[in-house]
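In what comes next, chain A is part of two complexes: it sits with chain B in the first one and with chain C in the second one.
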Partner chain A sequence: MLRFLAVRALGALGVLVALVTAVFVLQTAVPGDPVRASVGLNASDEVVAQERERLGLDKPLPTQYVGYLGQAVQGSFGESLRTGRDVRDDIGAFLPATIELAGFSILLAGAGGLLIGILAVVSSRFAAPARVLFVGGASVPSFLLALILIYVFYFKLSWLPLSGRTNLDSAPEGPTGLLLVDSLLHVRLDVFVDALRHLILPATALALVPAVAIGRVLRSSLIEVYRADYIRTLHAKGLTPRAVLWKHALRNALSAPLTMAGLQLGLLLGGVVIVEAIFAWPGIGLYLNQSIQFGDLRAIAGVTLVVGAGYVFVNTLVDLAQAAADPRIRL
Partner chain B sequence: MPSKVRSSVVVSFAVALFLAACGGGEQTTDQPVAVDDTLELAFFADMTTADPDVFYDIEGLAVMQSVYEGLLRYADGSTEFEGDLAESWEVSDDGLTFTFTLRDGLTFADGSPLDSEAIQASFERRTAVEQGPSYMLAGVDSYETPDPQTFVVNLKAPDAAFLHYLASAWSPKAVNPATLTENADDLAQTFLETSSAGSGPYVIEEFTRGTGYTLTRNDNYWGEEPYFSTVEIAVTPDVSSQILALESGDLDVIPHGFPLSNLSTVEGNEDLTIDEFPSLGTTSLYLNQNKGALTDVATREALMRAIDIPGLVAEVYGDTAEVPTNAYPTGLLDPSLATVDYSAGDAAAQDALSEQDISLDIVYTPDSSGVQRRLADLMRQRLAAVGVEGLPRQAQLAEVFGYREDVANAADIYVSTPAPDGAHPDTWGRIVWYTEGPLNFFNYSNPEVDAALDRGLAAVDTEAAADAYAAAGELATDDWSVVPIAYVSDVVVARADLTDLQHVPAYPWTVDVAALSR
Partner chain C sequence: MPVRGVVSLGSGTEAVTRRGQASRIRDIGALERVGLVVLLLLLSTSLVAPWFVVDPVIPVAPPFQAPSLQHVLGTDDVGQDVFSRVIFGLRTSWLSAAAVIASAIVIGGAIGLVAGARGGWVDALLMRLTDTFLALPGPVLAIAVAATLGASLRNTVIGIAVVWWPWYARLVRGEVRALAARPHVDAARLSGVSAPRLVLRHLLPGALPPVIVTASLDIQILVLTLAGLSFIGLGAPPPAPELGAMAARGADYLFASPWIPLAPGCAVFILAVAANLAGDGVRDLFDRS
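What follows is the complex of A and B.
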């Protein structure tokens, strides 16, 4: 186990260095002057030059690159051109909202995928709708689903709010930054409910495609497992269908869906950038969206590092979950 | 726990969550604020800062104009000056000394008096901070404060645009000197990034990056009390979300960025109003005169005549823009001076275009209304009709600002809608035509244009100044390097119960928040 974690940590380090390198190489490939864009359209050349020097952007790119890596090791991602603050502080302020949204979406996707996959196998009535869902759900991009959800549940039915994390002025701001958790810690049920209402639409927009993908793979795995001799034996021994499913078949069928869940996480994090913009969700997706428009390389690199680290971390968890679910897998 | 009990608990929890989440569509709030007393706005992007001496964006002006005040401003719907903090002003005959008399009873939001020394400290801070808008005071030689209500500015040389800088949306604002003293170590830049220290009708109550801003009424405001006690501004980058919020009544006004193609969908909506206000924003085509076929002025002229600018503008903007009458944004110079003519070219010139095998990289920067993309697309079609290939593509602003460093490899045509800082011809000519001007993207340079602009700026006599700016405009027009094609309006879509919408052409993308009522 320890060896596995050590290898994964080394691999993650390599991935993160490669990501930062890619962002810096891209900067050389894309022409532009983000400093002038940041100080304002009519700023004088003197002001632009002074700002460029202050930020160290007048130095050769390799020097900037080494300096950036050195700063990153010390926990700083440099000053954002757009906000004028350390990117680390910006990410610290925006990340909890994304963790909450992505975490809730992953839970929805997992639960939804499990439900769809199982129902598609055990319920003959659900088999046909499931096929439609598998095709339709996989075809709807998250931004389109977001707009449909907004139109139906906000605009037409007025059931759920459109944007932001909460409407309450006095929502607690700590200690975790996760509003659902903080509201419970402060025993603020009103905030909890309001935060949950704000989460449902963006999380659903993010979760549908992964849920369908997970459900599809689970369905295939379950069908294969149900064909195995030992399942027939379990039925013959008199176990109820429910016991066969939950105690034996599902556990053996989980490996492939878990792998799919890990892969889908990457897509989900990519979708966060668009979904957060549509729902005005104040997370790192929104931060990245605005940073890209500014050509704010340090912010882009910082978010890339954090998202990359998150992706590696969750996939490590998926590997551990696979090992726990299937004893044949050794770490 | 028995499985049935466990299942019941799970199901009950799920049902409770669902009911809690979907129960009731009303927006809850724990503040007993009357709904009609709160104005709901949205910004497409975060404000970079709320510091009046650093802020140099357009999105965010609604906050800055509500929180801070300068000496002068432009009157509603006009390019004429009116006093803001200054009640009156005089300019010496040599154009070097500007004397301002402040209004009686001015105070900052904390109740402390706002006098001439406070104005001087604020002006000096702008120069010391040395960010984008600091250029407005670069020509100042000295300040004098002979008494608390008199503020004198002495310039190094005459500057015909100086009063316009003071009335600009980004003009030097009065900042509470107590705040500057308390945060002297960094010129209060950290404090003012997210807080206010002004004298305007509102104060910044809350500034949350990525989420939004809350303004509350300034109880010590010296002027008329604004109707709305609170202004809530949400950062909402997606225009579709803004439109749905407006139609639902959760948003009161979209002051810019409404897609023109969607205007027809709200025209029949009795709950909404559409207002078009003239602005100084002028859509322009920048032609890279350093590259290929565009190095020839006759070719540039033939290309511009081939795209049928009047037809192009009518098709893209409908009645929300006008074809320019002269080389400057509307209202900056007498329309009879430096006139432009966009009539169709002769057939021989168009035939010559098709024989040259021209291919043009046409770039535009993204805008939520989508007009610049549409302009680029239609230009491609019209150029194709005369045998010229056009390749439209979107570029980020950072890329466009890099063109000056390598014009030979830059795009061929850039579609942009710049707006000058003030309603004076120098605020346009000096940024788009002047050698190394900040919005002179392709390094256009004509020494005669530069000289004419310098003559205009130094002229104390208004007629002499107008003649000089007319000369600059005519020369630049003849060069066909920066071609103004549309005087665009700010299209404001608002809830029908929102009244008293006031707009100043030189203050883009915003309405006067303090003047609004229901």
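What follows is the complex of A and C.
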């Protein structure tokens, strides 16, 4: 187990270094002159040269690379050309909202996937709807779902708010930055309910596709498990179908859906950029979106690094959790 | 967007030697057949229709007209015909998806072929590189590449292709490794076939069926991914008719004129569903088990 841990951690580290390298190469390979673009096209050559020197962009590429790598290790990604602040501080301000949204979505997707997968196997009446869901649910673009949800639940029914994280000015700030958690820590139930109401629509828009994907994988691995001899033995010794499912079958079928959930997180993080823009959710997706419109390369690179690192971290954790749960998984 | 798995069709050789009996339309389920037909219809109409519909980038009627017989999907905020724009958008959508798949097959196929055929340290190095790409969050990296290169349709296709090839590299490498151990390859080698010919004539054809199946299943995911990137402004600049960008710009009019953002969104959905079913159909066609 210790060896497994070490090798996986080393592998993750290698991937992170590759990520930083890729992002660095990308920034240097960009056509045009970002410095000139940032100081203005009418600026004199001296001003451009000064700005270039200040940003360290006049040094040879290998030096820049080592510098960038060193900075990235310390969590610094340079100064944003748009906000003038360190990209790290910008991301720090926007990150909690995204963690709350993405975390809530992946939980929702996991619960939904569990429900769909189990129903598709144990209920014959649900087989046909499940089929429709598997084909259709995976094909809904997240922006379409978001717009439809807004149209129905905000515009027509007025059940849920349109955008943002909360309407309350007095929402507590800190310590975690996650409104759901902070409101509970401050014992502010009104804020908790308000934050939850704001979360439902964007989280649903993000969760549908991963839920379907997880449900699909769970369904096939459950079917596989139900074919095993020990399940027949359990039935034969008189266990109720419910006990067989919850105590034995489900546990052994969870490995593949768990991996799928980890992989889906990558897609979900891509979807965050779209959904946050639609719901004006103040997270790094919205930040990335604004940076793209402005052409702020350092901000784009910083967000890519943070999101990429988070993704690698979560998937390494998933791997380790599986290795801990299943002794057959070794190198 | 379902995560893509490596398609396994048993060993590639069987698929080749049995190709004669494998390709039967009868093997495809009814729903999948409908999907194939709808997909082909969408592809062909979107190719032909541009000559029959009104110009998608000039105002042809007053803005914000609700769907009517004259303008089936209404008009948008500047009076462009939404139906016409959707048709053009569909064409851009699947042509871009095809472009990504083609580049992914060429790049990934070449890398997989070299890795699988050479083996040894070349294989180890190339596959390590491939795995590294697979360990990163694809959509986010694609966004980063496209955004850094600058918003245009070409750069978006490049950005997605950059994260797409590793799947094909793995797939082709696996098939080639499996094939290389088969007797017919030994026989060819012993009869003095040159190395390039061995690779192209005896290894590559065996790797084709799983590549075709994966490619057809990929169309759905790519259509969705491209629409998503277009939605956040990574695509052709306005007024080019792109489905994602149309929905993004139309979102402002969701309450008063819902057809403006919803029509292009639904077009993406229909194309994706058809591509999904058609992909399953193609898999059934090749899968004998």
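Just so it is clear, the second predicted complex is superposed on the first by the 284 of 331 C-alpha atoms of A that agree within 3 Å, B and C clash if a C-alpha of one lies under 4 Å from a C-alpha of the other, contacts with A are read in each partner's own complex, and residues count from 1 in each chain.
We adopt the following convention: a contact is a pair of C-beta atoms (placed from the backbone, for glycine too) under 8 Å apart; a residue touches a chain by one contact, two chains touch by 3 or more.
Remember, predicted model here, so these are calculated numbers, not experimental data.
In the superposed pair of complexes, A:155 makes contact with chain B and with chain C alike. Look at A:292: by the touch rule set out above, it reaches both chain B and chain C.
In the superposition on chain A, contact is made by A:147 with both chain B and chain C.
Once chain A of one complex is fitted onto chain A of the other, the partner contacts of A:270 are limited to chain C, with no touch recorded for chain B.
By the touch criterion defined above, A:221 lies against neither chain B nor chain C after alignment on the C-alpha atoms of chain A. Look at A:278: by the touch rule set out above, it reaches both chain B and chain C.
Contact with chain B, but none with chain C, is seen for A:93 once the two complexes are overlaid on the shared chain. With both structures placed on the common chain, the touch criterion links A:183 to neither chain B nor chain C. Touched by chain B in one complex and by chain C in the other are residues 30-32, 147, 150-151, 155, 277-278, 289, 292-293, 295 of chain A.
Across the complex, chain A meets chain B through its residues 30-34, 36-45, 47, 50, 82-84, 90, 93-94, 97, 147, 150-151, 154-155, 157-165, 167-170, 190, 193-194, 196-197, 200, 277-280, 282-283, 286-287, 289-290, 292-295.
Only residues 17, 20-22, 25-31, 45-46, 48-49, 54, 56-57, 130-135, 138, 193, 208-212, 234-238, 240-241, 244-245, 247-248, 250, 366, 396-406, 409-410, 418, 421, 431, 436, 438-439 of chain B touch chain A when the two sit together in their complex.
Here chain C touches chain A in the complex through residues 1-3, 31, 132, 135-145, 147-151, 220, 224-225, 227-228, 231-234, 244, 247-248, 251, 254-255, 258, 261-262, 265-266, 268-269, 272-273, 275-277, going by the rule given at the top.
Those residues of chain A whose C-beta lies close enough to touch chain C in the complex are 11-12, 14-15, 18-19, 22-23, 26-27, 29-32, 135-136, 138-144, 147-148, 150-151, 155, 209, 212-213, 216, 260, 263-267, 269-271, 273-274, 277-278, 288-289, 291-293, 295, 297, 300-301, 303-304, 307-308, 311-312, 315.
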